[in-house]
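So the structure is just underneath, and the comments pick up after that.
Chain lettering (A, B and C) follows the sequence in which the chains are written, and residue indices restart at 1 in each chain.
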Amino acid sequence: MTKGKNDFGIPRRNALKMLGLGTASGLLGLFDNNPAHATANKSNLFANGLVTEKAALKIVDLKCAIIGGSAVVRIVTNEGISGYAQAETPKPYLKPFVLFYKDYLIGEDPTNVERVMMKIRRMGSFKPWGSAVSIIETALWDIAGKAANLPIYKLLGGKVRDQVRCYASYGKGIRFTVEGKTPQHYRDWAEKVKSSGYGWEIIKENIGFHGPSMKNNPDFSYSNLSKSPDSKKDAPYYRGPMKATGYKMVVDHVEGMRKALGDDIDLGLDIGPGFMLFDAIKMANLLEPYNICWLEDMLSGDYTPYVTADDYRQLTESTSVPIFTGEQIYLRQNFRELIDRHAIDILGPDPADMGGISELKWVAQHADLYGIKIAPHGTFNGLLGLAAQVQVGATMPENFIAFEYTLAAPFWYDIIEGLPNPIVKDGLIDVWDRPGLGVNFIEKEAKKYLSEEDKNFFD
Amino acid sequence: MGQNKASRRDFLFKSTLSGLGLGLMGNNLFAESFGKENDLLMKAPSKAALTITDIKCAIIGGSPVVRITTNQGISGYGQAEIAKKYLKPFVLFYKEYLIGEDPTNVERCMLKIRRMGSFKPYGSAVSIIEMALWDIAGKAASLPVYKLLGGKIRDRVRVYTTAVTQYRETSGINPDDYAQAVSKVKELKEGFTIIKMPIGFHSQMGGKAPNFFYGDPVGPGNPPHGNRGPLTEQGLKRIISCVEAMKKVLGDGIGLAIDCGPGFMLSDAIRLCKSLEPYNLMWMEDLLTGDYRPYVMADDYLELTRSTSVPIHTGEQIYLRQNFRELIERNAIRVIGPDVADAGGMAEMKWIAEFADLHGIQMAPHGIYDGLIGNAAQVHLGAVMPQNFIAFEYSFATPEWWYDILDGVEDQVVKNGHIDVTDKPGLGVNFIVKEAKKYLSEEDSKFFD
Amino acid sequence: MAKASNNFTAQRRNAIKMLGLGSTAGLLGMFGNTPAQAANLDIPSHGQGISSAKGPLIITDVRCAIIGGSPVVRIMTNEGVSGYGQAESRKSYLKPYVLFYKEYLLGEDPTNVERCMMKIRRMGAFKPWGAAVSAIEMALWDLAGKAAGLPVYKLLGGKIRDRVRIYNGGIARTNPLSAKDTGIDPQYYADTVSRMKDAKEKVSIIKMAIGFHSSMGSQAPNFFYGDPVGPKNPPHANRGPLTEQGLKRIISCVEAMKKILGDEIGLALDCGPGFMLSDAIRLCKALEPYNLMWMEDLLTGDYRPYVMADDYLELTRSTTVPIHTGEQIYLRQNFRELIEKNAVRVVGPDVADVGGMAEIKWIAEYADLHGIQMAPHGIFNGLIGNAAQVHVGAVMPQNFIAFEYSVATPEWWYDIITGLPDPLVKNGHIDVWDSPGLGVNFIVKEAKKYLSEEDKNFFD
């Protein structure tokens, strides 16, 4: 996975001319910087350049395959350029959602990304129903970048940083579990974190209502909703008032982690949703001594189809611990109150759910205008998702902290090329310059993982 | 629409009446026309817990219908807006969460699944499942659903009609068209007391009227309500003259409301509303956001509402009470119009209506395409909503054979613009399985089994 | 001004690389994923990208020339590609301001526009002290577009409309160099809009200067309670309480204009700054029956280095006439209060004063999020300015009304620029073109004639 030294997508016309397929004068024209010669060729060096004799790029197909449980979209054009993007894993049910938009896309020029998005953007909603729209958007950018032979960041205003920071969240070998409750257990855990090889500067721990063991512990909250013995699947979460023993559970665990970790790694906590407002305030206040870099999703989060900005504002104002939310919110309109009421300290939208990468960038700028920070969600977005985060992360304003790093199942690393090796160094990822997302399928290998239904995906 | 079936419905009604003499409790009446499973309706609830055994979904005449089955043979039905043919996988998604649950603990079931939904159309599956749960709960208790929602406070529920059919028969952009359309509606035997008309960006006017807005109208390959932009003076005047033409026909005896957008810029909406103040409209709907806008923009509505005496209305695409919070607590609108098949269901609608009432806001539920089962749900709801209730948007069924495959629809006769509240158990409508089966697709052929 | 064909500069770079890389097999291998694609020989380029093998594009010089009174910025690079931007004409003092930023930009990669802007953006202020930054930003986009072989709109998200509406700006004014036509009575206003209505551009919206924004403020008798300041004062210096006669004069001029324009052509007014708040309220309410597009700059405006959002809020809430301001405001931060409080109904920043193209686009989106409309200022921005307005007008959201068209002065500007469609305006719109960068370029041989002695090396 070395950085490609070659230019991908060198204009075929140029190369062909080089191969002698063009006229001699055409070749001379290629070398010539002299305006006079250019004029002789009926063109002005600095003047109107795009070839107009061919029709614009057009979308001819929209495909979706479920690869390793992850919905992968492919937009196909009339000139052989394809764009790819990936939704959060696993969302295998996403396929019909994605294909729903096909008729609106066919015939459109994919390099006018906003125009295409204007057609479909409003037919989406909070997570997971904005996911299809979001990944279509990213695939359009992939095409626009490839067609222009530019990395996506160049189509988003250019990069302002050469490396993009990511942080450790869920995943094997990335964020380890504390195996017990003794100080030694915490020290062992801290040691693993520090020597993981990624060089994380920020790690995030699941805890409280977001930590499976805590939330099911009867000493954690007063919630005692009935459970049917015959039922097979429970809701993603419930809310409930905290018990004193619940607060203590959280504080003890955080104290253990902080003591073992020392002060040079930032510690974030994904802790909800589930808190009642005033419990959240109390919880945050109890955690203040431990230098937490953020408390995530206390009141709402995944599968919460609303925002409750005023409640967040009260929470945010009541504590010095930064309050964080946003992963399930769709479109800039739904971030508006959180931002313009200063209801939140840090926003964590997910480009694969909130409407796409340029939408993410816009919200980041909106937040920046109000002094609010941004740390995009993305823990399951896969390798294509990772590429998208790096490209857009390169363009984010000064309020950007880091994005949530994503692992993929091992086979993915065999079927995708273009990522640097190693991907993360000292918690940072180098921004690459390859066109579009800058990563591509190694089709021969990838085909092995297509289902029967999807077998024509790469054709 | 349903007028053509009047004779058949009358017949059913009369034959039902004659059967009344046989069993005044009303129970035996239904045994013959329903399928075998409905025999159990009338028995005392089994001592064993009622549990959900399956969730099925069929697309009947383009309309998604959910059926929840139980271990005691009782089934409940719910229906979503027609033209949501893609809804089936959404509905089936919740199956795993609900199998084994007791459907008569409606709220407990809903706590499991409610948050896995969103703005229209992504809250529709959850909403119609909720509807079906109430249907079961009612049947299991041998009670009409309104009895499980606090009891009725009115005996008949007002409806309003949106004159889409009549409007579509015109060219759709001139005052004469509008006058014609409302004239026809006025003549209908239902005796509607409130009529709503699509206009502006919510109608053909937005794309077809010349020099309507500063922008180039989007083409037909676009999703609905794609036009949006600054209004021209001619556009403003066109709307005013259409309203004027309608008022001439309707006078002050029939209320007039208009469904306008989405698509207007805020300042244009302000100017438009103020210009229409003399016409005493019931409300102006969806000026800024609306169908297929997955956000609320309460602050903008607040500006608009404060600027005019015309009641500002929105809400059809909004999901759950949480997303109505800003609109209601800040009095950002004067009338809300959620749809029972999109907002999260019947109990949700009732709660939102009460929350609105607490803030002096009125209630006019959306529902034009919710079908006959949808209508039934609306009637139960309409019976229990507080006094801020204006009317619900009546749904004519399409295709027309819907009137042939449902029993209980004779109760949905509109008289003097109202529907009488029925006392039949559950939602009060049930499939005549033998007839309904004819319209099932191959894929759905086992729906009633 | 015919459209020409390819920009060979980027191709030349690629071509040299190609040669350096040797074998044809290697070349073919770079074609793409499948043999089918490699064999497809007929694929036009939609942009030629930047070679990363030879190193990035680097800024080597920043120059400024005053051409026909208009400050023109040129940013030069190590690969021979240049980008141009233009500020409002009559800002001949701007040159040293522009050159001030040179040191910050030398060595930067101009195709990372935001990175360059992050360096210099905050060193600017309300009009005219944001003009240099804005013109530089424009030139950076021109460069980025040319280097990529793409029209700038493609670097700003892609166009959402194929033609961009204008409003009259400098069309058919008797004195095109002046924002103010002279004249203070209804007949004059009727004649002027009549002329504009008949002009070949066929605009659908006409804006007229009136009140304190026109000679009415200083020359109409008994217009306001104050003594008008003399001609040696800066522009828009008159300010004060309105008399009843002043109020009625404005109303009758509007009435006269509406008689000519009917409801077919939108009418907007540029009024101040200079009005007192309560006078503005009364004036607006009096003009409500005329369904004006907007009333501009009643309270603040040109050469007022502040916003006064709260006052605008009062005014906006008091009337259905859309209230408009913004031409002198710099950066999105200074629009925040106006927009988040809905203190105006229409904002009118100027791309050559607000901080540039990406900035004005962002502000338009921010405004749209709040239900506010967009009508950019730009009457003196010249031909390069027009080009920038067209590109950014192509990408603005649906709250975009029209931009203020700039007639180039002196007229010889049309002789030294190539790339604009001809005629430029058709039925009140300008068609969006596809040539790289801003799509306008100097015909150097001709343009040189108009360079001052000091600027004579500008095009070298």
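Please note the rule applied: a contact is a pair of C-beta atoms (placed from the backbone, for glycine too) under 8 Å apart; a residue touches a chain by one contact, two chains touch by 3 or more.
Predicted model only: the values in this text are computed from it and were never measured.
Student: Which pair, A-C or B-C, has more C-beta contacts?
Tutor: A-C
Student: Which chain is the middle one, judged by CA centres?
Tutor: Central chain is A.
Student: Just curious, how far off is subunit C from subunit A if you go by their C-alpha centres, in Å?
Tutor: Centres of subunit A and subunit C (C-alpha means) sit 35 Å apart.
Student: Quick check: how many Å separate the C-alpha centres of subunit B and subunit C?
Tutor: 48
Student: When you check subunit C against every other chain, which residues touch at least two of them?
Tutor: 398 - these are the residues of subunit C that touch more than one other chain.
Student: If you look at subunit B, which of its residues touch at least two other chains?
Tutor: Residues 297, 299 of subunit B each touch two or more of the other chains.
Student: Quick one: which residues in subunit A touch 2 or more of the other chains?
Tutor: In subunit A, the residues touching two or more other chains are 118, 333, 336.
Student: Can you list the residues on subunit A that touch subunit C in the complex?
Tutor: Touching subunit C from subunit A are residues 5-19, 21, 29-33, 35, 38, 41-54, 56-57, 79-80, 109, 111-116, 118, 144, 147-150, 154-155, 157-160, 332-333, 336, 340, 358, 362, 365-366, 369, 395, 398, 433, 435, 440, 443.
Student: Give every residue of subunit B touching subunit C within the complex, in rising order.
Tutor: 211, 214-216, 228-230, 232-234, 236-237, 265-267, 270-271, 274, 288, 297, 299-300, 303, 306-307
Student: Taking the touch rule as given, give the residues of subunit C at its contact with subunit A in the complex, in rising order.
Tutor: Listed in rising order, the residues of subunit C that touch subunit A are 3-9, 11-12, 14-19, 21, 24, 27, 29-34, 36-37, 40-53, 80-82, 109, 111-116, 118, 144, 146, 148-151, 154-155, 157-160, 332-333, 336, 340, 358, 362, 365-366, 369, 395, 398, 418-419, 433-436, 439, 441-442, 444.
Student: Looking at the complex, which residues from subunit C come into contact with subunit B?
Tutor: For this pair, the touching residues of subunit C are 161-163, 165, 204-205, 263-264, 266, 291, 317, 320, 322, 342, 345-346, 370-373, 398-402.
Student: In the complex formed with subunit B, which residues of subunit A make contact?
Tutor: 93, 96, 100, 103-104, 107, 118-120, 122-127, 129-130, 225-226, 228-238, 303-306, 308, 330-331, 333-334, 336-337
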